[in-house]
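We call the chains A, B, C and D, going by the order they appear; numbering starts again at 1 in every chain.
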Amino acid sequence: MAQPIKKRVSSPSELERYRAVRAQSMALVSTLSDADATAQSMPDASPAKWHLAHTSWFFEEFMLAPIFGDKIRFHDRFSFLFNSYYDAVGTRHERAKRGLLTRPSLDEVFAYRRHVDAQMESLIRDHSEALDLLDLGLAHEQQHQELLLTDILHLFAQNPLQPALKPDVNLQTANLEAAPLVWNTFDGVVTEIGHDGEAFAFDCETPLHPIIVRPFELASRAVTNGEWLSFMKAGGYESPQYWLSDGFACAQAEAWQAPLYWHKREDQWHTMTLSGPQRVNLEAPVTHISFYEADAYATWADARLPTEQEWEIAARETAPMGTFAGAGYYQPQVQTAADQNYYFGDVWEWMASPFTPYPGFTVASGAVGEYNGKFMSGQMVLRGGSCATPDDHIRATYRNFFHPEKRWQFSGLRLARDI
Amino acid sequence: MAQPIKKRVSSPSELERYRAVRAQSMALVSTLSDADATAQSMPDASPAKWHLAHTSWFFEEFMLAPIFGDKIRFHDRFSFLFNSYYDAVGTRHERAKRGLLTRPSLDEVFAYRRHVDAQMESLIRDHSEALDLLDLGLAHEQQHQELLLTDILHLFAQNPLQPALKPDVNLQTANLEAAPLVWNTFDGVVTEIGHDGEAFAFDCETPLHPIIVRPFELASRAVTNGEWLSFMKAGGYESPQYWLSDGFACAQAEAWQAPLYWHKREDQWHTMTLSGPQRVNLEAPVTHISFYEADAYATWADARLPTEQEWEIAARETAPMGTFAGAGYYQPQVQTAADQNYYFGDVWEWMASPFTPYPGFTVASGAVGEYNGKFMSGQMVLRGGSCATPDDHIRATYRNFFHPEKRWQFSGLRLARDI
Amino acid sequence: MAQPIKKRVSSPSELERYRAVRAQSMALVSTLSDADATAQSMPDASPAKWHLAHTSWFFEEFMLAPIFGDKIRFHDRFSFLFNSYYDAVGTRHERAKRGLLTRPSLDEVFAYRRHVDAQMESLIRDHSEALDLLDLGLAHEQQHQELLLTDILHLFAQNPLQPALKPDVNLQTANLEAAPLVWNTFDGVVTEIGHDGEAFAFDCETPLHPIIVRPFELASRAVTNGEWLSFMKAGGYESPQYWLSDGFACAQAEAWQAPLYWHKREDQWHTMTLSGPQRVNLEAPVTHISFYEADAYATWADARLPTEQEWEIAARETAPMGTFAGAGYYQPQVQTAADQNYYFGDVWEWMASPFTPYPGFTVASGAVGEYNGKFMSGQMVLRGGSCATPDDHIRATYRNFFHPEKRWQFSGLRLARDI
Amino acid sequence: MAQPIKKRVSSPSELERYRAVRAQSMALVSTLSDADATAQSMPDASPAKWHLAHTSWFFEEFMLAPIFGDKIRFHDRFSFLFNSYYDAVGTRHERAKRGLLTRPSLDEVFAYRRHVDAQMESLIRDHSEALDLLDLGLAHEQQHQELLLTDILHLFAQNPLQPALKPDVNLQTANLEAAPLVWNTFDGVVTEIGHDGEAFAFDCETPLHPIIVRPFELASRAVTNGEWLSFMKAGGYESPQYWLSDGFACAQAEAWQAPLYWHKREDQWHTMTLSGPQRVNLEAPVTHISFYEADAYATWADARLPTEQEWEIAARETAPMGTFAGAGYYQPQVQTAADQNYYFGDVWEWMASPFTPYPGFTVASGAVGEYNGKFMSGQMVLRGGSCATPDDHIRATYRNFFHPEKRWQFSGLRLARDI
């Protein structure tokens, strides 16, 4: 459940929060083998083992080593292996070769985590002055929890045996129907968006800044698989007039005909999920689509994608609905409530907005400051979180971002219109 | 010289304007051989012959054929060969293979132009009701005039003989010095930018719309080659901390060490120009740099790139200075005036702004409506025109755009800062 | 007409031969424009202008400069531009960028040829002691004459206008029928093959050496287009069991469905020729096939390709039949004679033999010695010459060679069988 | 130790041989984790798990299913997953994605092996009439044993931790010196080579056939690392005159500077081995070189590579010396004996001979008949076996083959000369 802009005052203790987030990572991998946790199915994805180690390295590098010194490090090569994009910290192992790191084993990575956890508990107890990066470290680990799920899904989808992370989950109530699509109207307004910086937020959510927005309408829920099928049947994937130029070139080069993971079996559309292959539920939100596809659908539907300003104005006034990772489905669920608005959970929503700095944004100094600023070109904003996002990770100001051709996240769309 | 937002009232007659633009295209290619006009040095570039034919096809397809019928067409395959990105008009010849079209010959293309010109003169005289697209057609041809120059430069730069389009031009007065860099201050403001649509403008410049801008500073002139050399000597190309993530990956993959066309000869930096190889003039604006390089330079210089909103607010208040194609240099000239601001001419300036639709933008219906909307992803805005831009083509609202890694245009940068 | 192993005694004078070969190159390009002669349609092919200049450079570099000194050179950069694979002579212009050399123009290349011709006439008259490489230079130019034709055909085939080098040629007598295929039997034998070195031959044809050959059968003529169509209709291109492993991978990757240049028009197979598009003549030899396709066809036909030893034993006993370049067709002609054997002309025949050195082969010293030895890996032998081979260029010992996936030469096949 | 051309008469019983070979595969992987056995470091290599399963599938597919029916199969998808190049048997899992098969687990693959073993024991006991393919199946498994070792070495070499398969092996006696290189002379001869088909041999070794060989000389041992270092110091890798054309292009494109796995540490050459990184032993045979490198070295040394005919004539007369897998080193050992000839073991020797069919070779009918014939293009023969070859797998007629650019096998070279 989304809780926008929490104050630290109401938070559980640092130690409790640290333990909860770390335990959640371990819970996610409980059914994975050493091999499952090692393989890398594409350069965009990382092995589960790598996610587990990299998030631990973050605490070791930025919190433990500055206080306890380098002697605290578990292994002298792990910084090389498990650094990701922090160029300032040193050279790194080649991203596309992470799947070749059969050593250290998953058990050794668990030992690394236990080592870091022991030191972190000591730090939290005895060095309250050195916890500035704790929130960032935990939010960082939560981000990787979602990536771990989407990366495992991509890996298992490449395996003809189509294995499942959670084989026995009771997935979706077959009889649910999506709520009728309602257009909610918003007046033009001068207001502020962005994060005020009081509680924790990522750097890219700041500063709070004034904007002017024209009147607009937003759909009350995400586009469903059934609606997407209409687009497909109307020849959407073959019709250049609906597509951005780069998008159609990409769709042709990659031979896109349907969302990622969709495949026909006995003339019925199925999709790969973390519970194995499932028949596509026409009432559930469509997911695993690129920005290009989302934009083409919106054009076909005589609408457009929302800007992130429009989305934030609308979303911050709503009571959070929608499914997060805590529900354990790891699939978007049917959005049934006719009198509510689903802005959070189920699927990340592609925005019309490129990921650029807010006016007045400044990059923090030091290595951690590289955090988001360097990614501010070529990527598009997504909002709202998904069925794989940790429940307490999201907020109305939260800005996720991916390149416009990426499809392996739980990404979907909501329609918008000018008035 | 830039004339922002001209009214049609003060324009020369349609016929005079048509003849002037068409003659200018012919003048540009007067020193080219059939082979020069045929070769294509990279997929981004097009042969001169193709530019000459494609701009003629535009008039044939969108103005002549609707009035006079298909019998007016010069050749039944030219629509296939010389259509560019107008998918709605039909299938097209593969872009990367344009250089293999040794037939039709340059003389045949000249004949095609004469055929179109004769019909267009008749249309302009007798069908004043059918001239809605005339301004667009002429602006389109002017765009291709600039591309023709940059594409020929790229072609000649690949030839070890380093030929010149204008071998005998008297290029630059060696003793000129660039004006000292002055920071001009702009207050925060609520204002409007964009084109009001009265005179001709491209669709992407509309609509006029309100914006909020924080206080900012802009440099009074473009960054010079000498300043760029300081960045190079400071290790700018090897220092990831200055670069966007996609940018540094691109710079490494392409082994960028200096602007495009720079090469050392006897330990002195030279650059290829349309008058052949020249020693780099340290006082002139740097050009042939990508957005990624411009952004890295700005970060290194403790500044940033301007947004297009900031640029337009500043530029529209200035008297146009700077060098356009009419001057015949085809190279950026030293910006010497200390009490003026060079917003137009010499080099296109990379903006911090992705090329996205203005609020309320709508795509025009019909094939011509594909004009700019479909390119609104993945590209960055450039402003101000260059030494290769036709003099009466530019205006303060004009939005050029290229992908952030492109370097073969006359692209440079101006610094901006928050206050 | 093939004349295996001519003695120099019976040759026309050196000057007459020089003039005849050089004039033939000029005759081939008489209908080409500057642009036609400049474009390069793929890295394997070279521009006509390059062939004309490179063959002249050979005489300048290896015959004129050693006698007259470097002052004899026409242009100081031409050695860089028109050297091909003679690494020992110096660095070279990048092969794949030959099509960007719009300068020098075709006229300048003609001037280069005239300059070389004048000097060569002087050399031939006054320096009979320095003519050791004359035969090699003329044979080299003849090789490039054939390549010039196949490269122009490839270029024109990329052009949707499908232009013709010889538009008005009277091509094929429609009523001719291919001779019935006869299997000629050859006994097992111990014999010698290869060139005895008395008259001119390429290095790779030597030395004459003993071989042991088992009994075998050879088809009396090449496989026809009609027979090839049967292979296609039998699913030959989709059936891995007929193909070499590398061959099937290549056929799949390149989506081969028919010989190069074949295309359907109104449900009829056509092929591109140097006289423009023509309907496929089912009685003529199939051409523009790779070694991989030839081998797959032979397997499908319960036969195999001949070894070059088998071919040479058979071919050297026959009176030459078949069409060479002198006939002016530049297309394989129907092989009609029932009582003769077509070993020479029409189509080069892919052998089962990799291009390897004969026992005792040694590389000649010096740059010219690089001639063939360095290509002795990864290529397959072809024998017999084609409709684009100069008439007096071929002989029974002649070994042509190309990589097994190449298709743009006039390559076909003859079947063989064990007894 | 090599035993050329064994008769079946002297063999141990079928059951004993089956058990011994199968147990050897299991012994090889005893120190591998599930992850180690799953990863694939390049498309040429396969996961250990795949080797273990594929060799079992061979018995299941070609021996068990024909007798016991499909009900004998362990898993209905394993034929899809573990078929390799037997196109005739059905479609296959994409080779380059074998490393993504984290399921089945290594334990499941062990279970698969036990299942097949139980059935095979029953077959061997009760169906002596159905054992025609037993020898082939066991030889096939032995081939994969060697590949399993070279593939694991490649995988571990990609890991910055440089793990070892056999960490504690006592590797090389540091004081051993290579024997002086002696040139052994062989007269020209008419003789026969190839396998007579009485005992087991691969199809490509047959038939026995007559050849003519000129007089030649062979070096008494393989080229050493120290000799290779001289080639490197002489600029061998940068000197095109020593290289085949395709070879130099490959060396430049891949930036080869030394054998695969060589890397400098504190200015000393080290190499990766199955016992982890080791200092290069200058007296031991060089290995992990391509055919192209071997050929360039031979040219530099004023020699050439032997033909496989020359090698076989010489090797079949010698007492086998040299190190095989049974010795447990998995590294070539110093060849010390001055009065013997090392034709077998230590390193596979690249031949000058392309892998082509012997005269009279015929492909066996049925799927197993695809065995070697389809690889007879583009590959070069290697002879003699290596330190990773099972001891009883090799013989004088044995023909191994790889593409000329491959380096991850234990491949080296011996010099030859014409007399």
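We adopt the following convention: contacts are C-beta pairs under 8 Å (C-beta built on N, C-alpha and C of every residue); 3 or more make two chains touch, one makes a residue touch a chain.
A quick note: this is a predicted structure, and the numbers were derived from the prediction, not measured.
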Angle of rotation relating subunit A to subunit C [CA atoms, steps of 5 degrees]: 180
Distance between the centres, which are taken as Cα means, of subunit C and subunit A, whole angstrom: 59
Subunit A-subunit D separation of Cα centroids, rounded to whole Å: 47
Distance between chain centroids, defined by C-alpha means - subunit A, subunit B (Å): 38
Junction residues of subunit C - those touching two or more other chains: none
Pairs of chains in contact (touch as defined earlier), listed by label: A-B, A-D, B-C, C-D
Complex contact set, residues of subunit B against subunit C: 33-39, 41, 77, 80-81, 93, 97, 99-106, 155, 158-161, 163
Interfacial residue positions of subunit C with respect to subunit D in the complex: 85, 87-88, 190, 209-214, 240-241, 243-248, 291-292, 295, 352-354, 356-357, 359-360, 362, 370, 374-378, 380, 404, 418
